[in-house]
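Chain nomenclature is as follows: A, B, C and D, assigned in order of appearance, with residue numbering initiated at 1 for each chain independently.
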Amino acid sequence: MISDRVKSNLKDTFVDSLLPKVGLVLLIAILVMALFAPLLATHDPTRTGHFHETGAPYPPMGYSYETQVAQDGEFGEVSVESNSTHVLGTNNIGQDVYSRFLYGARVSVIVGLSSTLLAMLIGVPIGLVAGYYGGRVDDGLMRVADTMLAFPALVLALALIGVFGESPVHVPDPIVMAGFADGMPETIPIPGTVTIVGALVIWVWFARVARGEALSLRNEEYVKAAQSFGTGNAQILRQHILPNSLTPIIVLATIQVAVIILLEASLAYLGFSGTTLSWGYEIERGQDVLRTRPWVSIVPGIGIMLAVISVNLLGDWLRDALDPNIDQSKRGA
Amino acid sequence: MTEDILRINDLSTRFFTKEGQVNAVERVDLNIKRGEVFGIVGESGSGKSVTALSLVDLVESPGEVTNGSVEYRNEELAEALRDEYPDAVDGSFVDLRAVPETVRRSLRGASFSMIFQDPESSFNPTLTVGEQIAEAAEVQRRARANPRSTRAKTRGVEYSFSSYLASAVLPSRKFVTNSSRERAVELLEMVGIPDPVKRADEYPHQYSGGMLQRAMIAQALAGEPDVLIADEPTTALDVTIQAQVLDILADLQEETGMTIILITHNLGVVARMCDRVGVMYAGEIVEQGRLEDVFENHVHPYTEGLLGSIPNLDDVGGRLQPIGGNVPSLIDVEMGDGCYFADRCPRAMQECLEKPPDFDGPGGEEHVAKCYLADHPYDETQALSEEYFESAGARVTDRGDSAGASPGEVSEDD
Amino acid sequence: MSIAKFLLRRFLQGIFVIWGVITIMFGLRAVSPGDPASLMAGEGATAEIIEQVRVQEGLDQPLYLQYIEYLQGMMVGDFGFSWQARREVSAIVIGRIPATVELAVAATVVAIAIAIPLGVISGTRRNQPADYSATMFSLLGISTPNFWLGLMLILVFAVWFGIPYPSVGTSSLPLSGVSVPYPSSVGLGMVDLPTGRRDVSFGVAVSALVFEQSLSEMGTWLRHITLPAITLGTYFTALITRLTRSGMIDELGKPYVTSVEAKGLPSVLIRYKHVLRNTLIPIITVLGLQIGTLMGGAVITETVFNWPGLGLRLIDALHDRDWPVMQGIVIFIAIAFIIINIIVDALYASLDPQVSDE
Amino acid sequence: MSGATIATAGVTSMAGCLGDDDDADDTDDAAVDDTDDTDDADVADPDELDEITVTLSEFPDTIDPLDHITGPYFDIYDHIYEPLFNFDPGEGVFPWIAEEWEETGEGSTEVTLRDDVVFHNGDEMTADDVAWTINRAVDPEKGVASDLGAFGLGSITGAEAHDDTTVEFFYDGAPGLAEFEFGNYARVISVDWAMDYNAEEDAISGDSPEDFNGTGPYQVVEFEPEVEIVVEAFDDYWGDEPPFQRVTFNADGESSGRANALETGEADLTMNILPEDVATIEDADGVEIRNVSSFRTIFCPMKNSVEPYDSQEFRQAINYAVDSQEIIDTVLSGFGEPTSQPVAPDINGFNDGLEPYAQDYDMAESLVEESGYGGVEIELTAPQGRYLNDADVAQTAADMIDQLPNVDCSANIVDFGVVSDANSAGLDDPDHPFYMIGWGTVTGDTDYGVQGFFVPEETRSFADEELTDAIIESQQIEDIDERRQKLQEVNQMAHEKAPWLFLHVEESIYGVNENITWDPRPDETIYLWEMDV
């Protein structure tokens, strides 16, 4: 389990350097945004129609822009001022960019965490069993793992979505249900297929790490001792192997959250996430109007970047403090 | 034989670590004579290796040579540098600390070379041994063609950036000429490697430890250096191999007449090889002199402790005797103002709470000790009580901590 | 074991994995919730076409027979037939390879050329401004979604700086509104006015250069590929910088470096010949795995910039639900990935003399 | 007929102009200069504009001229495999390759062909070629199971050549329908040439210019599958010389990419410009926007086999909840016109007495209550990238409905294929009962705009006996005015029964090099021979 040495390492590396602190602050900010989105949002993120009187979207606070609108087929140049209730302006269909930014954090965090958790639930037991028993079970797993790794993550995800389609899951919002945030959506759509596909794409990393740990732990004295007392394999796995494998698995999980966030954003950008309430989709939406209304794309992109940076920074910190040997290759999407 | 080749004055090296400033080398004065074998002996963490690295300016961050001079006698060099750096040149001596780094760098290999204690980690695992030795020969060949210019070492198309990159990826050898490669084979033969032509093309992991150490000696000799610094050259080796390696060193020294600074904690090695010895403790040279003086007429209780009760030179036990007490912390704030050994010293006196100057020892000339006992005998009435340092507490920490506080360069395997 | 044996083993493993990849794709088709025949017939197929597909593709056969046939087809490079495009999938795939290879190679070259020196500088000047900048850059680089980066590059270069950018093989961004005359604003005299051509392949550009001494084709090629290559290469640049930096720091702490320094070798030789070489060994293994990321990134980059490669075709196939093309491209990418990894292993083996003793 | 695929885009292929403005006689001296093909950005001198690039929004997948029925194919292939007849929407069918035709009995029409038509490979076109092509198209067993045959030529059963220039078409539907079908969709392939491609069994496929062989004014000189087709004027064309010597067709899926191509001179004509990019093109030099209100309406069918859409009150409530003018003004930057009925204003049978449902939330709310479906959750399924800002329109509409206190509505953005399948799956398929789609009434007649959605039992998405009967009744009326009146009634009925959420008429927005004289057609077809420089 987590030893004192590890704890003091964690503390030392945190105190000594700036980056983990930045990461933690960012992460807390993102989590707060995600958790309290209904309270922090100024508008229902799905509500359309917040337009300037000219029919054009609002720019972010403090900006104004010139654009052309057609009224009755005639073009005219108009100047569009910002509106103080829409801090970051509105998008193509008059939705509040700031509120969608907050809810985008929510979708990213939910998908990132649930997909990673699911991948852990699939990968860790398989990896532990393979590593602990070794032999044919292990060989089989390693071949499957090699095969899974032969697919670039995004490509495999696309193939899976191509087969199974996209299905958004409408998750009720407890804050709104409890009546704390009137006027906010009661449910938010989470890209269900993407969550599962994400887990299917990354589980193999967990299996590999868990296998490696089990492989080395099974030769430890206390495991041998337990075996000699006739403790069942399942119990040994649960009581000895799993707890002692957790450190690298936690480090890996942190990094994989970033991978999933990027994956979800990419799929949403490509139009395969099944929900429009996503940073990735919002970037795609802004692509058509990049020249005139760049904020529509810029804002959600910053969201993705900050979320991924925060997770990466924390991952670096954990890795440095917990397990300097964990493979760099486990990052990336 | 009596001419000094190196005059080291007041040399201090500090490590600036998170735990505080570590005084690894503390105001060291040494004169090394041309052609002699000078031994530096001491416990782990006493600063021997850092002293050696300080001489050739290889102390790495967070370490830094903070004070002192290292004067090197070299007529040619002195001549060449006299106009440009008048302050650094004194007669035929050049103060290496007062000239630019490029100059010091250009002396590496050609004037000073080093042998390290762990041959297996001191060779680059991905290049052949022959290549690495040839490289050293090549550098010196180029340097000799144009002694003052470091640029001469990096001239030519093969030194372009792209060829560096290519060399990182491709097993290329175009940095060394054929003559250097032949020289490498000669050197390998010289240190007694059988079948040197074939061996030159092998990688370090294909060598045994003893052979690698010989290869390292060959590498160090490639530049025909004035001064060879051997840092624990036999520590990592088996006893029988140790003897072979020492023989080779001794033979080579005899042949070439080069100066050897031998750093070791092995008194047997010292006794066998050295003309003169310096004993280091807590970054200081606490006693130095001719081998016989230090071994037989030592005054410093630390030297005495090191040698144990062995009274005569012919019967040196080999390993250092354990000394009661703990290795001192070298962290600046934890070091007192007095003699650093006082807390472990069986004959510590009141006056030892003030730093002792160098006193002439009872042996021949150049026998010097940093101890009041060299000046006057032990006075029991002045003795410090046993509990004195225990209550002082802060000054002495347990061994584990001090090892943690010391930079890796100063700790050795005992 | 010799290097040859090592590679042979890797090759055999590769074959095994390719078989696994093909089997997984077959399995996906089999477990797909819809009717496989309508899956293969693609979007908007009529009942007649679906029936025709069922018979011609043998989808009315027992599963194991279908599987054997499927494997046989793959073995001779037959990726199937696109009922939507009425073409052999292999022809479609082959047609799209050059664009993707150009992009991936350009990105990799850019990444390596920038990242390795940057990583070395960063690793050798720790905690200096250069190191901090490189660290920040690599942190941002690995954290920025590349489709967004692509858009931002277009925004900055094409829209705000008013540098006209060819639409072809690019997104999206109208550069009009840009009133500066074209060639001077680019600042590249060799760049022609945009041609009516969709795109110039590298091969065409090279042959123009060689046989006609014409720079303009090459200029066009460069102009078209610059932003996509930067977009795709940034993550890699950041990753390699990071790996090089930490590898350099690790390696520089090793005793052999002091030993090499004591020999009097010039520092540039120490860094690039000795240290970098050892740093590259772990980097190369990581990069081998990361080629997958590069390929995934290519899918996105091609979409952003409308670059006519495999990735864009894959996305089109998915939108059209053209299963055979999708499957063909996925299998092709996986196989390419496996082969690249074998090549990487060969490189690794040639760099690390100890590999043959393992 | 199942409308799914036809609905996909500007489906038509009628021959356009009557030739009166076809004075493209200035191209004789415009020899092709291969070394100078990079200069088409130089738009200053119209005389040099004999090479143009047309950038479409989608590139054809297949090269078999019968193996498709959607816009991008016709936009390219009609210049290679020209239509047999000249069809003008709302006006009727006029001679082209077919010089004259006459009904010869129950279910047959005899067509007389020109005798001076040659294929690009030099073979003379004969009635045999025409008959074979028609038979190949309509027989699913022959060649490809052709969309063109199945949908476009749905009532045609076959054809037979009598001599070199006479061919007889057979059909099992009304003569008017048949005339529309062959007038619109008949093409000709050389039978001898096609046999080399085993065209009786397979689709014609290949990747070289020789794999095209039509009678059109342009022949293919370069072909890169999925990327571009380059055509040049065919020297032995029977008709007028086309206005451009050399034309490159390519595609860019992004509106802004197409706009960009136009502005940088890489394209001279491009289509489906999004409203967001209109201003950019308007600002640029040498190019301009040409837009026309199309025959295409955008709407959201509600399958009345599925709750809550079985309630007329509910469907009306949906219409009252959505302010389509507001959507046009904001999401479509003013391009479009709200609709009150299935078809667009210029269509025969359009009822101009009808007003679009005006947004009225109170009315909508009470109608929902009346329907008994208060509190229901619904989902609007909509495509992305098919129609102008389709996903944005759908999200806005869904949100307007969502603002009803007693209805929750969200938009589900999917690939067009999903919507298309939902549409053709008919009432039995409950998966996507409320979806957004567009339909181009390319015939210019209301019948074509409503019949597929309300009549055929298997594929219709709305079942209402009264409405179905009215449509069928209208089909039997011979008198033009009487029929128009009946169709207006049909539109009136459709308005009241609210089978769809009526949105808007889609604007066709083209970006064009201003040196090209061309008025876009409302049926979304691009014919080069209608252009001039």
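Quick note on the criterion: a residue touches a chain if its C-beta (ideal position, glycine included) is under 8 Å from a C-beta of that chain, and two chains touch if they have at least 3 such contacts.
Being a predicted model, the structure only gives us computed values, none of them experimental.
S.K.: Closest chain to the protein's overall Cα mean, using per-chain Cα means, please.
M.R.: Chain C is the most central one.
S.K.: Whole-Å distance, chain B centre to chain D centre, using C-alpha means?
M.R.: Inter-chain centre distance comes to 89 Å.
S.K.: I'd like to verify one number: the distance from the centre of chain C to the centre of chain D, where each centre is the average of its C-alpha atoms, in whole angstrom.
M.R.: Centre-to-centre distance between chain C and chain D: 38 Å.
S.K.: Can you work out the whole-Å distance between the CA centroids of chain B and chain C?
M.R.: 52
S.K.: Just give me the whole-number Å value for how far the CA centre of chain A lies from that of chain D.
M.R.: 42
S.K.: Can you pull out the residues of chain A that are in contact with at least two other chains?
M.R.: 271, 287-288, 290-291
S.K.: Mark out which residues of chain D touch at least two other chains, giving numbers and ranges.
M.R.: 254, 256, 277, 280, 283, 415 - these are the residues of chain D that touch more than one other chain.
S.K.: Pairs of chains that touch, anyone?
M.R.: So, checking each combination of chains, I get A-C, A-D, B-C, C-D as the touching pairs.
S.K.: With touch defined as at the start, can you tell me which chain D residues reach chain A in the complex?
M.R.: Result: residues 254-256, 274-280, 282-283, 291, 326, 329-331, 333-335, 384, 389, 391-392, 395-396, 399-400, 402-403, 408, 410-415 of chain D touch chain A.
S.K.: Taking the touch rule as given, give the residues of chain A at its contact with chain D in the complex, in rising order.
M.R.: 46-49, 51, 55-56, 67-73, 75, 92-94, 166, 168, 170, 186, 189, 271, 274, 276, 285, 287-292
S.K.: Applying the document's contact rule, which stretches of chain C touch chain D when the two form their complex?
M.R.: My answer: residues 43-44, 46, 48-49, 52, 82, 84-87, 91-92, 95-96, 164-168, 170-177, 192-199, 306, 308, 313, 316, 318-321.
S.K.: Which chain D residues qualify as touching chain C in the complex?
M.R.: Residues of chain D touching chain C: 4-5, 8, 37-42, 51, 53, 61-64, 67, 140, 144-145, 147, 150, 203, 205, 207, 224-228, 248, 250, 252-254, 256-261, 263-267, 277, 280-281, 283-284, 415-417, 420-421.
S.K.: Which part of chain A faces chain C closely enough to touch in the complex?
M.R.: Where chain A meets chain C, its residues are 19, 143-144, 146-147, 149-156, 158-165, 258, 262, 265-266, 269-272, 280, 283, 286-288, 290-291, 294, 297-298, 300-301, 304-305, 308-309, 312-313, 327-329, 331-333.
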